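As written, the chains take the letters A, B and C, and residue 1 is the first residue of each chain.
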């Protein structure tokens, strides 16, 4: 069952002179197990859009249906987890463990089952065991991020939404986060990433949406995206395009170093044979 | 310009965050300092204008020791600093007020402040926004304003502390171009980042980890040690990484290539 | 929260062009007079003064109302307290408390006084750029012996403008944080204690961190809290003295003759 967004429009400050239309007639559907990127400039409506997926915002018109339920029902929040930008800012509890338990316990999960969930989430996020009883505020920035991620994973969402997850991350943290997302995706969780720099993540995506002025301006596969966009492409993709122009017959729908390497070696072998 | 000798720094109750760092920055140089989060790079640059003071060792700016309170004003006028998060470095309520802030602090007469602010707004093509609140602008524009607010004081050296890390690729390119431009006009530049590709075109690249300098040299030199780079949590730029793998499997002859055009050329030659 | 709440509305009216000190002093005088007033006739005259100033400054009335709206609950409470807690001739009674004629009179008067205060204050902020306002306050504070208390008038003025600047920023943080905790199932309606706790702890941290960051940014731009100049250099001119005298005369007339 998917997240269905049907004819959704949304305005801030409705009925006042400061009314601002943030979303205009959005129609899209996100299937279970999909890996989706939502791109667009700041103010294009992408953050407003995902706040509709778990009912934080209610559409002015239209509706959002998650697995057959209206998105504003409380239960939907267990299905759709959102990891906001700089999630380390949301920690508040006395210990790491308690903070991670906050989400599931809000939905009435208790005792052994709660413990199992919390430990599982902490392990999945890669939080070291000796930190479980520490105050989250004594951890390093990177560790705090992992705790916050665990806090969302502990709700065991079917859909994991992330708002600008790479902002301010160094390469190491970026790679380990992307690896985690890949793992979750392979376990059947839908991953939706909202970002103004989606080029770095194209190689992971099943589908790409691009938002512009509150509308969806592009919907499609990453391969189609690179032919239809004027926004920056991954360096690797641009390189492959340049090679094609010089008459080297490589595919140019390639986004990662690994794929580019394989593609170049393949073409080179072909050329050697000839 | 800046002389750092066996600098140690310890935050209260913490472990050593800078461990005997020696670094000399020449006038007019473009130095990039890279390293993973928590490597000590931000701590290091905060010593360059006396926001932090050495636990031991010394930092001298144009010969002025940062530990002496009397040198503070001269040091901060010499070394300007732009920070990562534009929101929490704005002091003024409008763009022009924010840019004026530093000049007001140094006791510049109002008419002169007005003139200098208008000039810098013009120069950085921000004039249209001068009455806006900085927060209503895009991330890239906000960093441009933050840069203008420092540049207007005409410091001899500018330190950019991870100012690109929250930007989209297009704004990042613009900001980098601006930084290079500022350097070409003769200002010494220290640029902190965790993206090694931002070091392309710099005079010197310094990689830090655990409070120490672990690699130092021209970017070309540093990039020829991919394993050390990786060990310290950094990553080669994608094009360079690809070229390294292509070299390893004998497809290209040149050990490492940074620019896309050059790699295309290299591949055309060898395929 | 309405975005018009005590906002500056740029303009070129005479009132906009007055020195901030003229306006600040006038509002101070008006407040004193307002609290001295005792009859509805006097109140009506003050209302007329406000309307005239409002027209001259061409500030739309809804801007002034925006300053009053968020306070309505507070105003209603003041009114009801006076209405029920003042002793006198009973009008009607409600679960043991009786409303009195005197209470009605005092309650109305007091409520109107508060509304007037808000209205005059909103006129000040609507016609004066925040930076001008702080520059004006800084100038007025300068002769005070603040140095003995360890602060300078520059410090005070900067603190003021910083808090005006940081309020929306912190508000945005709070909104963000609420979304994050609600996404983790927080239900503010059902568990108010948990809500306060899970929002206030991170908010404090954010506020402290922002304060640290901004102080780094200020220091590295040579801020030392001494001897600052200002992009805006308010100067009292002839029109300021004229406007101020006229205002004082009008207020005096209302106080003694109405």
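Just so we're on the same page, a residue touches a chain if its C-beta (ideal position, glycine included) is under 8 Å from a C-beta of that chain, and two chains touch if they have at least 3 such contacts.
Composition by chain, UniProt nomenclature: A = ABC transporter ATP-binding protein; B = Energy-coupling factor transporter ATPase; C = Energy-coupling factor transporter transmembrane protein EcfT.
Here the structure is a predicted model, which is why all the values come from computation and not from measurement.
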{"item": "Set of chains whose contacts include both subunit B and subunit A", "value": "C"}
{"item": "Pair with more cross-chain C-beta pairs in contact, given B-C and A-C", "value": "B-C"}
{"item": "Distance from subunit B to subunit A - Cα centre to Cα centre, in angstrom", "value": "30"}
{"item": "Centre distance in Å when subunit B and subunit C are each reduced to the mean of their C-alpha atoms", "value": "41"}
{"item": "CA centroid of subunit A to CA centroid of subunit C, Å", "value": "43"}
{"item": "For the subunit A and subunit B complex, residues of the former touching the latter", "value": "41-43, 140-142, 167-173, 175, 196-197, 199, 231-232, 234-236, 238-239, 242-243, 246, 248, 257, 260-261, 264-265, 267-268, 271"}
{"item": "Complex contacts: residues of subunit B adjacent to subunit C", "value": "46, 49, 51, 72-73, 76-77, 79-81, 83, 85, 87-94, 96-97, 100-110, 113-114, 117, 131, 135, 149-150, 153"}
{"item": "Touching residues on subunit A, where the partner in the complex is subunit C", "value": "13, 16, 18, 51, 54, 56, 74, 77-78, 80-82, 84, 87, 89-93, 102-104, 106-107, 137, 151-152, 155"}
{"item": "Of all residues in subunit C, those that touch subunit B in their complex", "value": "10, 129-131, 158, 161-162, 164-165, 168-169, 209-210, 213-214, 216-224, 227-233"}
{"item": "Sites on subunit C touched by subunit A in the complex", "value": "2-4, 173, 176-177, 179-187, 197-199, 201-202, 205-206"}
